[in-house]
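Working notes for the structure below.
The letters A, B, C and D name the chains in turn, as written, and every chain counts its residues from 1.
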Amino acid sequence: MTVEEDLVPQVDPDAVPSDTLTVLGRVPEGATREEAVAHLAEAARLVRRRDLQMVRAAGLGHIGGEFSVIDVLVTLYLHAMNVTPERLDDPDRDRFILSKGHAAAALYTTLAMAGFLPQDQLRTFMQPLSMLNGHPARTKIAAVEASTGPLGHGLPIAVGTAFAGKLDGSPRRTFVVTGDGELQEGSNWEALMTAGNHGLDHLCVVIDRNRLQQGARVEDTNDLEPLADKLRAFGMEVVEVSGHDHGALLDVFAAVPARSGKPTAVIANTMKGHPISFMSDNVAWHHKVPSADQVDQALAELEAK
Amino acid sequence: MTVEEDLVPQVDPDAVPSDTLTVLGRVPEGATREEAVAHLAEAARLVRRRDLQMVRAAGLGHIGGEFSVIDVLVTLYLHAMNVTPERLDDPDRDRFILSKGHAAAALYTTLAMAGFLPQDQLRTFMQPLSMLNGHPARTKIAAVEASTGPLGHGLPIAVGTAFAGKLDGSPRRTFVVTGDGELQEGSNWEALMTAGNHGLDHLCVVIDRNRLQQGARVEDTNDLEPLADKLRAFGMEVVEVSGHDHGALLDVFAAVPARSGKPTAVIANTMKGHPISFMSDNVAWHHKVPSADQVDQALAELEAK
Amino acid sequence: MSTTTAPAQVLHDCRDAWVATLIELAEADPRIVAVVNDSVGSSKLGPFQDRFGQRLVNVGIAEQDMVGVGAGLANGGKVPFVSAAACFLTARAMEQVKVDAAYSQHHMVLVGQSPGMAYGELGPTHHSIEDLAWLRVIPGLTVIAPCDPIETAQALRWAAAHHGPVFIRVARMGVPDVNAADYEFVPGKAVLLRPGSDVTLAATGTAVHRALDAAALLAAEGIDARVLSVPTISPLDTEAFVAAARETAGIVTAEEALTSGLGGAVAEALATRHPAPMRFIGATTFAPTGSVGWLMEHFGITGTGIAAAAKDLLGR
Amino acid sequence: MSTTTAPAQVLHDCRDAWVATLIELAEADPRIVAVVNDSVGSSKLGPFQDRFGQRLVNVGIAEQDMVGVGAGLANGGKVPFVSAAACFLTARAMEQVKVDAAYSQHHMVLVGQSPGMAYGELGPTHHSIEDLAWLRVIPGLTVIAPCDPIETAQALRWAAAHHGPVFIRVARMGVPDVNAADYEFVPGKAVLLRPGSDVTLAATGTAVHRALDAAALLAAEGIDARVLSVPTISPLDTEAFVAAARETAGIVTAEEALTSGLGGAVAEALATRHPAPMRFIGATTFAPTGSVGWLMEHFGITGTGIAAAAKDLLGR
């Protein structure tokens, strides 16, 4: 009945880079909006830098979809959500589920930035027996609320989490991030219908609208437009925002529930690979691994920010 | 590798009623609209009568959803579709798929009315080794295009059939009937998205909108409204019609494709158990089996029509 | 139903024990909720709904959502009993069962209603003959097929307290009381219903009382059959089977399922520990049209069918 | 990849043989189409798309729709090759595989890409260790796991002409050429790669060349191992296994899958015909994090691991 033989991670230090992450932690209480945005911007820059190194070291990752979602993750964990490492057992903590689990490296790095993981554990990413699997596993990491990887699982789970909160009259909010190509999965529409009809207004579905999926543009594969109309017809309160604008994001998340009795769907307009010049909006970077030179150029571009 | 041990049906004549079906066949060529409507009305009355007897004899069936969809089936097979028993191998024949496979008895009776099945075979419905299973099986009956029963399968299959027609430049049309509760299945929304984006305008999705599902009203289970908005947002050309008005139905079906480049979605407003007074719009009759007295009363009501 | 079931026996629909037990558990533990797919009636959950209202989550006809929502309810501190026709719960939501329940190790109970061929004439699309073979191989998932109302109730109580995912079949086809009133279900353990030294009849779920019928028929012919009731398919009680292989001529398995369910599990367990002659009684193809009783006869999942297999194994 | 694979061997990604063969078949038969779930790249179908455009149907990330659309294309006169990562094709669309392909007996080919643990570090959600155990029990579905490029091409050609549903694994983890250039795939037949009288090593897919490595290691220790390559898991070549059980001390099965796949199929087949000692090599749990090569070592699906199991069986 064991799910997995339980063994201790053995990491080959030579196999992984010594690069470390400067842990900024949450936006300080009482920070002005301006200070908060600056804090988030710097945190996002550091998270991208570390993510890049991790993917380079592992020789695996989904850097395009990681860079498109990092600003959302950082804003949620360092500002919007009420969860801290100390509150992980608090039933009223806000919940986060990364439905697009292939962006695991971005989640792990953000969790480390927020203090949920020791930053030096990031060096074990994808190494034998590491807790940092290519897709997040709740049995491996306490801060991971749901195991994801197959697309179209996280949203139904988030609906259940939100439903439990409603039954308990808990103030907690449940945030879930899906990809846009991921919305081709019918399981998401089943979940949206359920959430809408049950008025789960403490649920916030963030769609990483980078307009690219694995092999091509979403519109050239199986188009989602008119996406806002679809979401509204399924009972969502729809908000559009730039997914790379920390100020706009924190305002949107702070406003959840945006409308009493309705779940919020945030269409976060993003770019895959943002802000790296040669990766941005380029489908080739869905899961391409950068060369040493490309890492250097990308790091230089990040420094320049 | 046998799917099913192949054996010959053995029917106990005493177990089934001797009631027969008067086979009217297709609406004659050159019939006026008035004559066509009269032909369809009488055929639907006879089909309902035989369906009632079959369910009574088998002690099983889904009479509510059978009576709600019979007018649509009869209009398709006796008038709208270009398929006849002789044309079953014609690649350009129109295709029909009953996605709500639990209404099998209605399909079998309609197929017999249209000459696709010997009417006396209806006596084997649900009997041991019968080809007339509780859900339609393409391996058992030549005229059945797809095996259905689990909800949410027929529409994706119909999309594939329509796609094949488009690839071949065939004039054939593909009609599929789903239940309304059935649209809670995400597989349907996957299929609608695909059909809409590929402009499958020779596909016609008929929704038997009887507003009831197995256990309750659709709106009290997981509501579909605003249904037309959902369908439009997924790329359908939406038409609403009374699903019991043969004239209105034949006009709608004759007009398919309703709009070049778009699949047609017909919301057929119906009543479960129609037109039987004590069954109509009554959720109890989803799969209830009528008593002898109830059969007599229902037959009397059908005679009166 | 089976020609070999003594007419005197009262047959039970285990769904009655299921709903009574769930209500009992839900009264004691506010965390318990039910999740269904428009299956309130087919799960006989009407009384639960009347009593607990909100605590019955009906997602409509959407099995993937149903299991995912169940996992989320577990994440939110609830103990979900996800109840649907076994065929749809397992086949339609297989990836959710694998990932959201088993791999995630959520405390959730997957309740497969009307399993096997209970839906008779409704055909193979509504039969769940595959569930035991499919689910027993999923790591970390406990798979249980109770044989009567008492065992159904006990298995549900155990699952409510077990911190991991469990799949339980709830039989619809009539079964007599097999276990005594003081019976206690032990997960992973087979139950010796009848000692015997010639041959072993191992059955699960609705086939257990049929194995007892077979033992009676064999006794009349001077064959002393051991009868093992096997409520837990995974993890299997390997020791009980190694002992049976050692102490009797061989093992006949019987189940209202494909023979790769219990039969396959036993064959695999014995192949590495103590290979023994076996015969498999169960479904071997998709079923033709017929009532569940007729289909049980068709596949020989009856006292006479099991007895015949035992005699064939013994070369008698 | 495996320490026991001679470094000299050139290893192939069978997806290359897959796409080359599909293009060859599609040129000869206009009915052939490919159906994918945003898996053009992962299925290496780029060249097919460039060549046949419209005949590649990409439904996006929607596996249920993908298999249903495949069945519909078959109804519409096409011969669909439905190609997706094996884990999603099987788990996510299991009911469509059961009903739309197998029960419906459509002429369609389900192509499971990068099966087993090919996705290594991406974890159990992306591994398809369950597919052989799950699909081999579905009535009417042929299940094939080729061991090299030649067998992959031959199995695809056979399936294109077979009027029924077929599931074929296309291995991504490197494999050497195992079969000769003039090899001819025969459905349902095992291939004797090495005669032997002491013990039988039976393997499928990516484990076949590892079984040959094991035989070499055993030969060095004076153990004469028979090696059976088993491309078809269902229907199984029972006669070949009955002969192996009769003529050798026992059977070790090896597969890049849960041991209930080929291992379970053989155990079930022998239990009724000729029980024999077995050892199972394959996955036994969800995998921890690690590369596919590392995981094959972890589970002992290697020449040394298979050889060790054979010696254990022989009590050496």
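To be clear about the criterion, contacts are C-beta pairs under 8 Å (C-beta built on N, C-alpha and C of every residue); 3 or more make two chains touch, one makes a residue touch a chain.
Small disclaimer: the values here were computed from a predicted structure and weren't measured.
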Query - Chain separated most widely from chain D, comparing mean CA positions - result: B
Report task. Compute the distance, rounded to whole Å, between the mean C-alpha positions of chain A and chain C. Result -> 40
Query raised in the report: If you average the Cα atoms of chain A and of chain D to get two centres, how far apart are those centres in Å?
Result: 35
**Report entry** Where chain A touches two or more other chains, by residue
**Finding:** 2-4, 137, 147, 149-150, 152, 184-187, 190, 193-194, 222
Query raised in the report: For chain C, which residues are shared contacts with two or more other chains?
Result: 59-60, 62, 64-65, 88, 91-92, 95, 99, 102-103, 124-125, 139-140, 285-286
Query raised in the report: How would one label the connectivity among the chains shown: line, ring, star, complete, or other?
Result: complete
Report task. Could you pull out which chain D residues touch chain B in their complex? Result -> 33, 35, 54-55, 57, 59-60, 62, 64-65, 67-78, 80, 95-96, 99-100, 102-105, 139-140, 142, 164, 234-235
Query - Touching residues (chain side chain D, partner chain A) in the complex - result: 38-42, 58-62, 64-65, 87-88, 91-92, 119-126, 285-291, 294, 298
Report summary line: chain A residues touching chain B in their complex are 184-190, 193-194, 197, 222-224, 226, 229-230, 232-234
Report task. Using the touch rule from the top, collect the residues of chain B that touch chain D in their complex. Result -> 1-4, 91, 95, 137-139, 145-147, 149-150, 152-153, 155-165, 167-168, 186-187, 190-191, 193-194
Report task. Could you pull out which chain B residues touch chain C in their complex? Result -> 2-5, 7, 58, 60, 101-102, 126-135, 137, 147-152, 181-182, 184-186, 213-216, 218, 221-222
